[in-house]
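Presented below are the structures under discussion, each in the form of structure tokens.
In what comes next, subunit A is part of two complexes: it sits with subunit B in the first one and with subunit C in the second one.
Up next, the complex of A and B:
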């Protein structure tokens, strides 16, 4: 158990910068998730903390101790690899005993070793597999063994590299729930890396969103979900992706290009003298207007025509033409509209995100919402992710 | 063509012609070996005959093995056999002890010039041995390595080392480095991670590389021909002594000696045959 400080960490592979000036601070016992698309530098981050790759700049501190020049076997960290990295020539039992036998993770008698392995395999439900070799296991079982090799020992930090990525959807959901309940996980500082936003939201005490090796935003799951720093973060979270719609600011009104969506500039947002913005609306925040729909000033209504309806069991995904844009709506199947039908949609104004208009998503910084919220959460952003001043124009302090 | 359609064999003129060609090639390539076996079973009186039907005798093998450098030729054949085993065994051991760590390093770490270094090592195999034999002869004479077992081991590892390093490097490259990284995080040093994790996993590669290196060293002729005289002479050179060299040529004894000389690598190859095919593919295909 220890804190982890990552300060200005940079790792380059030739011309590619895998991790770019990363600064993160993990509290003692915190479960911290790093979320990002593939190639964002997630694995490099973990391996840098573990000491498996030499960083080019910055430093890593574990428990206040600088790790620079310290070999991995002196850092007292445990890691579950995405590839599992189970020793193929050893049985499950021997794999799990390996960290206990090295003498560097503490001294364990044969009796202690057996007890610890028993405990961990019972928790993970892999007790009957102890005599098997990794090649005789399914991916789900291998993943549990890899996790077991981490949990079987005491460590200052657990590093978990996409431990659920190779599992099928059902097993993944089940393991996600299990992971959350593991006592060892909740008491040991953990750095967990994933590309799956649901894992990040459900497991993380805090989340850092990574893009091209840079930290874009750090915050609690609620902060990240409700106040994405920019359009990239907004798109990373949620399936189907958030709808991004171009709009113009004209005479105190925000109007979608091509018409359709139109509302007043919210009073707490300063958009300066007109210009362009981007609206972000999550598909799950949109609903079809029916006879018994709630209504009022807090709701924004727009008309559109359904051109595609995709049934996904309990939900239906509708692609609706609104003005020039195609808007995805996630709605329950009982209210579903048919293709070609004309519909009215509504969304709470405070759930309509306003982003600055920019070429790429990274620079579409969030300005605010279309209506003031009861409380805005304060999001911590890092220096690296702060956009240039001009783009920051209307952003509240 | 037949293999493309499982369950149904098509007999086409092309397929028959291909089979016949394979058979012809087979006979052509094996005929010299057959001839050698027949020759080894003939008496001295029949050694230049070309017929296939005769009364075979094992007498030649006895004569060859009993050569003590006094009677027919200057050869001590059992000594030569022992020399071959010592020279080649020594060369293989040196190649493994130095070559395995070298292959591991070459497979794991890239640095400026690492590829050039590997290629340079392989280039020993490109250069004709005759090109370097004269300077080697002079050096060996002056340093006192001429006709010594140590000198033979030294020169034969030039043949076997590149083989070992190149074969094993590809084996190590096929291994995920994350296995050793996992061992590092389990609390083991880099050396222990190598011995505990990587080494056991390339055992088939080591067996194949060692065998190939042994065969290449065993079959080498030019180096011992020039660099030995009698004390360290291996079987390849000893065999040719039966051809006389001025005196009478014993073709039947030469054939018998060659057959005996071919036995040890053959036995070795058969015992570790299952590793051999993988080894010959240079670890290119993952198991």
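Up next, the complex of A and C:
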């Protein structure tokens, strides 16, 4: 059990800066997720904390101790790799015993070993597999064994590199629920890397979104989801992707370019001098207006024409022409509209995000929303996304 | 004189050249010395209307790609008939079948860049606006940035789009696509999928898409065939497949999060059928062709679970894990007296506590019953 402090950490590979001046602070026992697309520097971050690569600048502290000059096995961290990294010639039991045999990481008697392995395999439901070889296991079982190798030894910090990415979607969802349930995981400081936003939202006490080696935003799942720092973060979370629509500011009104969506400039929002903004609306926040729809001042309504309806399980994804824009709407199959039909859509004003108009998503910085939120988001003690993120402790004490 | 006329690419909605496709008793058995003969496709029957988009969906090894390759002429048939329009084609060479094929491994000319590769076939047939056609198609498939690259420099996702474009640019009456989107990242996959569907609608190619991704099949297809071990388990519209699964295989394969399948006992009460689950759970069901006391497999999708009102027939369960994914919540539930766990999806504004109690139920027509041994649906 320990805190992890990453201060100004930079790692370069030749000309490429994989991790760029990263500062993060993990509370004791916090489950911290790093989310980003491939190439964002997620794995490099983990390897730097583990000591598997030498960092070029900055500092890593675990439990207050500077780790920079320490060899990996003195850092008392346990890491699970994306590729499982099991010994193919060893049985499941031997694989699990190997972290306990290395003298550097503590001495365990044969009885202690058996006891710890028993505990872990019971938790993970892999008891019956102890005598099997990795090749005789399914992917899901291999994944459990790989996790077991992490959990079997007490460590200050667990480092987990996309542990679920090789599983198919259904198994991944089941394993995700299991991971969340593991007591060991929730009580030990964990740094978890993934490109899957649902994993991040489900598992993380807090999430850091990474892009091109830089931390774009740090916050609770709710903060990241409800108040994305810029259009890049907004697009990283949510499937289908958030709708981004260009709009102009005209005479106190925000108006979609080419007509369509239109509403008053919110009072508490500073639009600067720019005459243009970008609206962000999540497909799941939009709904079709029907006879018994909720209505009122908090709702924004707009008309459009459905040009494509795609069934996605219980939901239907509609592509709707609103003004010049194509807006994607996720609606339940119970009240779906037909292709060619003219429809009215509505969204709560507070779910209409305002971003600065800019060419690339990183510079589309959040300005606010079309209406304020009546309720505070789940936050930690200090505001997320400040460059010097110096807070202590996570949600789960 | 018969010759295929080159159609212009102005959207028509109905493609006059689009042909229907009929598979009759199609078989494929692989025979190799020293091994048991392997029957990959077992008497497939499929009738596809002109201009229709049909998805073949199934796990690896179910025979979907073999079927596609037989239609394309890249694989011989063991027996049965393949009819495109009014022509029987199974003995014709691939080039004579008049199908557009988007296979991932489809060869591109290495010395030519993507633009030239795409235009090549068109130019060879004397199409005048070949370059413009390629350009327009590339814009819609989000691949203009790769037009000047050579095939060797492409990523697998890019190669896939080139293969797709190459099949589409010819404007063929029958289009065969093998996992056309599998290498694209999530966001690109959704956008290209929509474009593919729009293009297919506009040009009206009769299209068969092979995929193992159930969401792709549901969203793309007019009708879809769910395959397993060389046979079709169910053929129908995405609505029929999803809302009215014919057997446990289809119910289990289609839908995410996965459908809950668990044991139950059918009970007839006052002319109604209900199903007893676990120690004291009770669910309503629309099924009626079942005996009192009969053991059944119950299918209930996580998305169809809802919180029961007081006094309603329901399953009481303990919430083992609650995941708040913001768009929605996912609860893993422990039902007393039931092996295994259930998953229920909740709306984004419903939050359950881990360790708390939940009472869930569902609309009767969303509680499916299946035969315990055959897995067939009990209506």
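Going forward, the second predicted complex is superposed on the first by the 371 of 397 C-alpha atoms of A that agree within 3 Å, B and C clash if a C-alpha of one lies under 4 Å from a C-alpha of the other, contacts with A are read in each partner's own complex, and residues count from 1 in each chain.
Everything that follows uses one rule, which is that a contact is a pair of C-beta atoms (placed from the backbone, for glycine too) under 8 Å apart; a residue touches a chain by one contact, two chains touch by 3 or more.
Just so it is clear, the model here is predicted, and its values are computed rather than measured.
For the composite obtained by overlaying on subunit A, subunit B and subunit C can both be accommodated side by side without a clash.
In the superposition on chain A, contact of A:241 is made with subunit C only, not with subunit B. The partner of subunit A that touches more of its residues, comparing subunit B with subunit C, is C. Contacts of A:52 after superposition on the shared chain: subunit B is touched, whereas subunit C is not.
Once the two complexes are overlaid on the shared chain, A:32 sits clear of subunit B and of subunit C alike. Of the two partner chains placed around the shared chain by superposition, subunit C is the only one that A:333 touches, whereas subunit B remains out of contact. When the two structures are aligned on the shared chain, A:81 is found in touch with subunit B, with no touch to subunit C.
By the touch criterion stated above, A:232 is placed in contact with neither subunit B nor subunit C. When the two structures are aligned on the shared chain, A:108 is found in touch with neither subunit B nor subunit C.
For the pair subunit B and subunit C, the minimum alpha-carbon spacing after aligning on chain A is 7 Å.
When the two complexes are laid over each other on chain A, subunit A has no residue in contact with both subunit B and subunit C.
Remark: subunit A residues 37, 169-170, 173-174, 176-178, 180-181, 198, 201-202, 221-222, 225-226, 235, 237-241, 282, 284, 307-308, 310-314, 317, 319, 333 touch subunit C in the complex.
Chain contact summary for the complex, subunit C toward subunit A: residues 185-187, 190, 193-194, 197-198, 215, 218-220, 238-239, 242-243, 255-258, 301, 303-304, 320-321, 323-327, 330, 332, 343, 348.
Remark: subunit B residues 176, 178-179, 181-190, 192, 197, 200-201 touch subunit A in the complex.
Residues 47, 50-52, 71-73, 77-79, 81, 83, 85-89, 98-99, 102-105, 149 of subunit A touch subunit B in their complex.
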